[in-house]
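By written order: A, B, C, D, E and F. Residues from 1 in each chain.
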Amino acid sequence: MAKPKQKTAKPAAAKKASKTHAQKAHALKIPVPARDKLDPATQAYFAKCDEKIGFVPNVLLSYSFDAKKLRGFTDMYNELMLGESGLSKLEREMIAVAVSSINHCFYCLTAHGAAVRQLSGDPKLGEQMVMNYRVADLTPKMRAALDFAAKLTERPDKIVESDRETLRKAGWSDKDIWDIASTASFFNMSNRMAAAIEMNPNDEYHGAFR
Amino acid sequence: MAKPKQKTAKPAAAKKASKTHAQKAHALKIPVPARDKLDPATQAYFAKCDEKIGFVPNVLLSYSFDAKKLRGFTDMYNELMLGESGLSKLEREMIAVAVSSINHCFYCLTAHGAAVRQLSGDPKLGEQMVMNYRVADLTPKMRAALDFAAKLTERPDKIVESDRETLRKAGWSDKDIWDIASTASFFNMSNRMAAAIEMNPNDEYHGAFR
Amino acid sequence: MAKPKQKTAKPAAAKKASKTHAQKAHALKIPVPARDKLDPATQAYFAKCDEKIGFVPNVLLSYSFDAKKLRGFTDMYNELMLGESGLSKLEREMIAVAVSSINHCFYCLTAHGAAVRQLSGDPKLGEQMVMNYRVADLTPKMRAALDFAAKLTERPDKIVESDRETLRKAGWSDKDIWDIASTASFFNMSNRMAAAIEMNPNDEYHGAFR
Amino acid sequence: MAKPKQKTAKPAAAKKASKTHAQKAHALKIPVPARDKLDPATQAYFAKCDEKIGFVPNVLLSYSFDAKKLRGFTDMYNELMLGESGLSKLEREMIAVAVSSINHCFYCLTAHGAAVRQLSGDPKLGEQMVMNYRVADLTPKMRAALDFAAKLTERPDKIVESDRETLRKAGWSDKDIWDIASTASFFNMSNRMAAAIEMNPNDEYHGAFR
Amino acid sequence: MAKPKQKTAKPAAAKKASKTHAQKAHALKIPVPARDKLDPATQAYFAKCDEKIGFVPNVLLSYSFDAKKLRGFTDMYNELMLGESGLSKLEREMIAVAVSSINHCFYCLTAHGAAVRQLSGDPKLGEQMVMNYRVADLTPKMRAALDFAAKLTERPDKIVESDRETLRKAGWSDKDIWDIASTASFFNMSNRMAAAIEMNPNDEYHGAFR
Amino acid sequence: MAKPKQKTAKPAAAKKASKTHAQKAHALKIPVPARDKLDPATQAYFAKCDEKIGFVPNVLLSYSFDAKKLRGFTDMYNELMLGESGLSKLEREMIAVAVSSINHCFYCLTAHGAAVRQLSGDPKLGEQMVMNYRVADLTPKMRAALDFAAKLTERPDKIVESDRETLRKAGWSDKDIWDIASTASFFNMSNRMAAAIEMNPNDEYHGAFR
């Protein structure tokens, strides 16, 4: 725990040159069309990403080898995370990260950890969701949502009516329960997809909103 | 193991009247528009279900309270399970059921177990996928796919390059790996969504293709 | 989820010819005497099976290489599942299947899943026990029995007095608790024996009582 | 780790008077006939226990409320642990204890830990089986048997042909595999029965063969 | 369960000659100075062990290749297990053994199981801690401490304020909670160190205080 | 994933005022002497912390209610993490964080994640250790060390000689194995201590070395 100093050179023993690897969105060799050969809708979407956040998230690049798969993913994602809901966008991102923490998903923890830091303006909260949501100073209502998401992630076979009842007592409506459930479920898909293909998060996320 | 006889009356001790329950697609109280008030696209889709399989699967009824969510789900599902792929539809259904077996998902085991029976014409194969895919008499290539799907379901954090390499050696292309991964991942989402809202499979599945 | 059609031929990609395999009761090479060379008691027992259910269950064939082992197994089994008890035969079969579901035992889920369908006259109940007993519409008393059986299966080291007290409060006597416990325990043995030798259930079970 | 001294009085803080409890064979209130009212076969069996080992094991007292259940248990047990086998009695006891260690079964670890000490003449070996069989200095053949028993205990669903093949390569015949499997399976039953009813081992075991 | 007889010779089938192995404190080849070359403080400490308990515990021999590491370990250990505390020495040893039971640590179960037998004068209590603390006849206060230690061992990520509150309600002060926590935590370290290097407990422990 | 903007106010729904909480080093109410009443050695140590890193780490404040416990902890820690070793300081920190990731320890992930960022000059590497070390681009030698640490954390009972042999083949000496083992073991202690008392990492770590 020595005092902060200048960045040192990367230690040879612990790291191999990672330059070529960093270029790739994931570990599978699936040819992706050059960006100007993508279908117009995808090109427009990516241009919007560049404009809004400065880069195209690797999850989108990963799906871009097939326009239908990309649209299927983004339609569901956008409705889920950005659509109308009784949960705020931050609350949905917190669920995303708490689930991804259990599954140890590098991609989702990185990208959505950054989103929690951004939306909350509270870098510590982002770290708590990444590391262990139970240490965070949350309302009982939000804690109940995360506890439900955690059980749904670890032991979906054991979810019973009393688990839903606990959410209702904490103040969530049945429509909210749908949204909590579908957010937690979606990231149980995304975490596994990212693990299966070793999806690499864009480096830009790491330092953002710290 | 007494000799098959006529169906007996349901034993009072073990079951409560389940009539009202059977009506519901799931356990949440979310108002769904009457069928003739649904948006035209959904009405058309449901009419097609009725025509093709004789009923509307409860998973579609569950999502039908919100046309965008329904379309997000069906677009992704149809591309995944019915679209172009190096995996046959049966192989994709086998992955779906093997994953759902680990997660003990009543809805998906029922609906997709029926699909395996239908597509294979082999009711025993359907039961094996539901109960434990490891007992089935499979090609090494298909077994490798199911072993990957099982590990991805149980310990996504432990998937490493050698797991993908095992799939390649078994004869799968990188594009096939994407499809295996996305099928297994999708059902890790669907299993949890079904568990979270206690989605009820249509009774029609139980006796079908036996 | 295409409309039911005629049984298709078995797909070459997913299955190898399983003819020779289906002949065998299990995966170990242990010589079994020809049926007319078995001891008279065993021959009589098998004749009764043929008469009552139309075949000799493979679990009995598996044990028949040694008359003492066969009798040890059947004596305990028959007393447990067919003897006097505060639990109905159906309730005992439900416990058997719920335990076998956790252990993913192909043999026991097949044979005893059929027994639940037969005794209840309710094919759906059989599927629920096979897939996840928690979704079934049960009395609180029966659910308590299955919850106890599940905990005893998953974490026997964690059973404490309060678990027994929960059963008593649900309406079970101490003698009933013995029977719940011994049924759940017996199938934890049988599930493992079937897994260890890859015991094959008779094909007749799959379509029975649907 | 102070030097051995005289036994001290039991510390009040850590223990309650255990006198009444020690009398009972288990935690369920199931009336057992007075010993001279038991059926003659049971009386004779218990007399033989008294003669041979100086007491009646509590597992037998536990089952003695019902002569058929007692005989079912002892017939299977005696055939398994004392009958003809390619495994020595010690090897069977070692499997029994290794399985019971995973399940943390107080009764079986106590009674069969004593048996390993007795049959091997090696108190340390008994402790190793109770605590963690992996530290013991065993032949590769015996280690393979215990590894199989451990996997069968922890993840019966994952046993596949290659697990049996490993046993064959270690020198076990298919008939031996049956015996290894049935011993491990039996104690997965007994461990759970003992846990479910909190069966108390006779105090005589604790100091025996040390 | 044959009658106790004379110790038999070690069975050839189950054990290899273990003479050379027994000499070693652990499985790593790390040169240790001859005892008379150790630093004076260590020599004095070992002489005290010889005098008090008749031997030097192998854990101390294991660390003795480096005087600083040895002192670091013993300073922490002695303060923890022998220093001032609201927990008696026996209570701390009980926590040590209950934790070691979950981790199946041969070294710690042997050495600290002996300590529980010695300090309690109750060999059965020692066995219960080794095998499964839940069967022991404990005060609710002590059981709460062991339940906390068990949860902290198995799922440290799930410890929350209500777990501490349970300890307080059982009668433990916050300072006691620190001591319960640090004892359980220390043995989660020691158990793993012993496993990693296969530390061998001194044979003297096995028969002591029986 | 909107474009980075100014920090927003903390959302009322997701967070309660955390001011008072942030003051505390942990959740137990154990009186700590005022800093100028601490023993001189501790005061000197804390002064050095202030000088070197700008604050006193909360783990030290946590132990400071008792000078002997504090010294026991710091002596062991400093020898382990800063002493002579075949492992670089960075490699030891990487093990610390990989272990803490499995145990989801907020304190250690925060403090030692910062140390990995600092020592490596590679913020991404720090995140990878926090989230899932398997995604990092490591030498086979370092990966073997982390795989050993992970197995030792998750299943210490299953460590056998072949695990040590794998480390040797990867290039580690027996003395290195000791250091890998003791680092992984130490953090299995620290992770649990931090969880048990809900130790709060200093806020300074979160933004450091990004």
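Quick note on the criterion: contacts are C-beta pairs under 8 Å (C-beta built on N, C-alpha and C of every residue); 3 or more make two chains touch, one makes a residue touch a chain.
Small disclaimer: the values here were computed from a predicted structure and weren't measured.
S.K.: Just to be sure I understand the contacts, which chains border both chain F and chain E?
M.R.: Chains in contact with chain E as well as chain F: A, D.
S.K.: Out of C-D and B-F, which chain pair has the most contact pairs?
M.R.: C-D
S.K.: Nearest whole angstrom, what separates the Cα centre of chain A from the Cα centre of chain D?
M.R.: The mean C-alpha positions of chain A and chain D differ by 50 Å.
S.K.: Suppose each chain is reduced to the average of its Cα coordinates; what separation in Å results between chain D and chain E?
M.R.: The separation of the two C-alpha centroids amounts to 25 Å.
S.K.: Counting in whole Å, what is the centre-to-centre distance of chain C and chain E, each centre being its mean C-alpha position?
M.R.: 43
S.K.: Where does chain A touch two or more other chains at once, residue-wise?
M.R.: Residue numbers touching two or more other chains: 104-105, 132, 157, 159, 198.
S.K.: Return all touching chain pairs.
M.R.: A-B, A-C, A-E, A-F, B-C, B-D, B-F, C-D, C-E, D-E, D-F, E-F
S.K.: Show me the residue ranges of chain A that touch chain E in the complex, using the header's touch definition.
M.R.: So the residues of chain A in touch with chain E come to 132, 134.
S.K.: With touch defined as at the start, can you tell me which chain E residues reach chain F in the complex?
M.R.: Residues of chain E touching chain F: 27-30, 68-69, 71-73, 75-76, 79-80, 83, 103-105, 148, 152-153, 156-157, 159, 161, 164, 174-175, 177-178, 180-182, 184-186, 188-193, 195-198.
S.K.: Quick check: in the complex, which residue numbers of chain B touch chain F?
M.R.: Chain B residues touching chain F: 157-160.
S.K.: Touching residues of chain A toward chain F in the complex: what are they?
M.R.: Listed in rising order, the residues are 1-5, 7-11, 13-16, 18, 21, 49, 52-54, 57, 88, 90-91, 94, 101, 104-106, 109-111, 115, 118-125, 127-128, 130-132, 135-139, 141-142, 198, 200, 203, 206-210.
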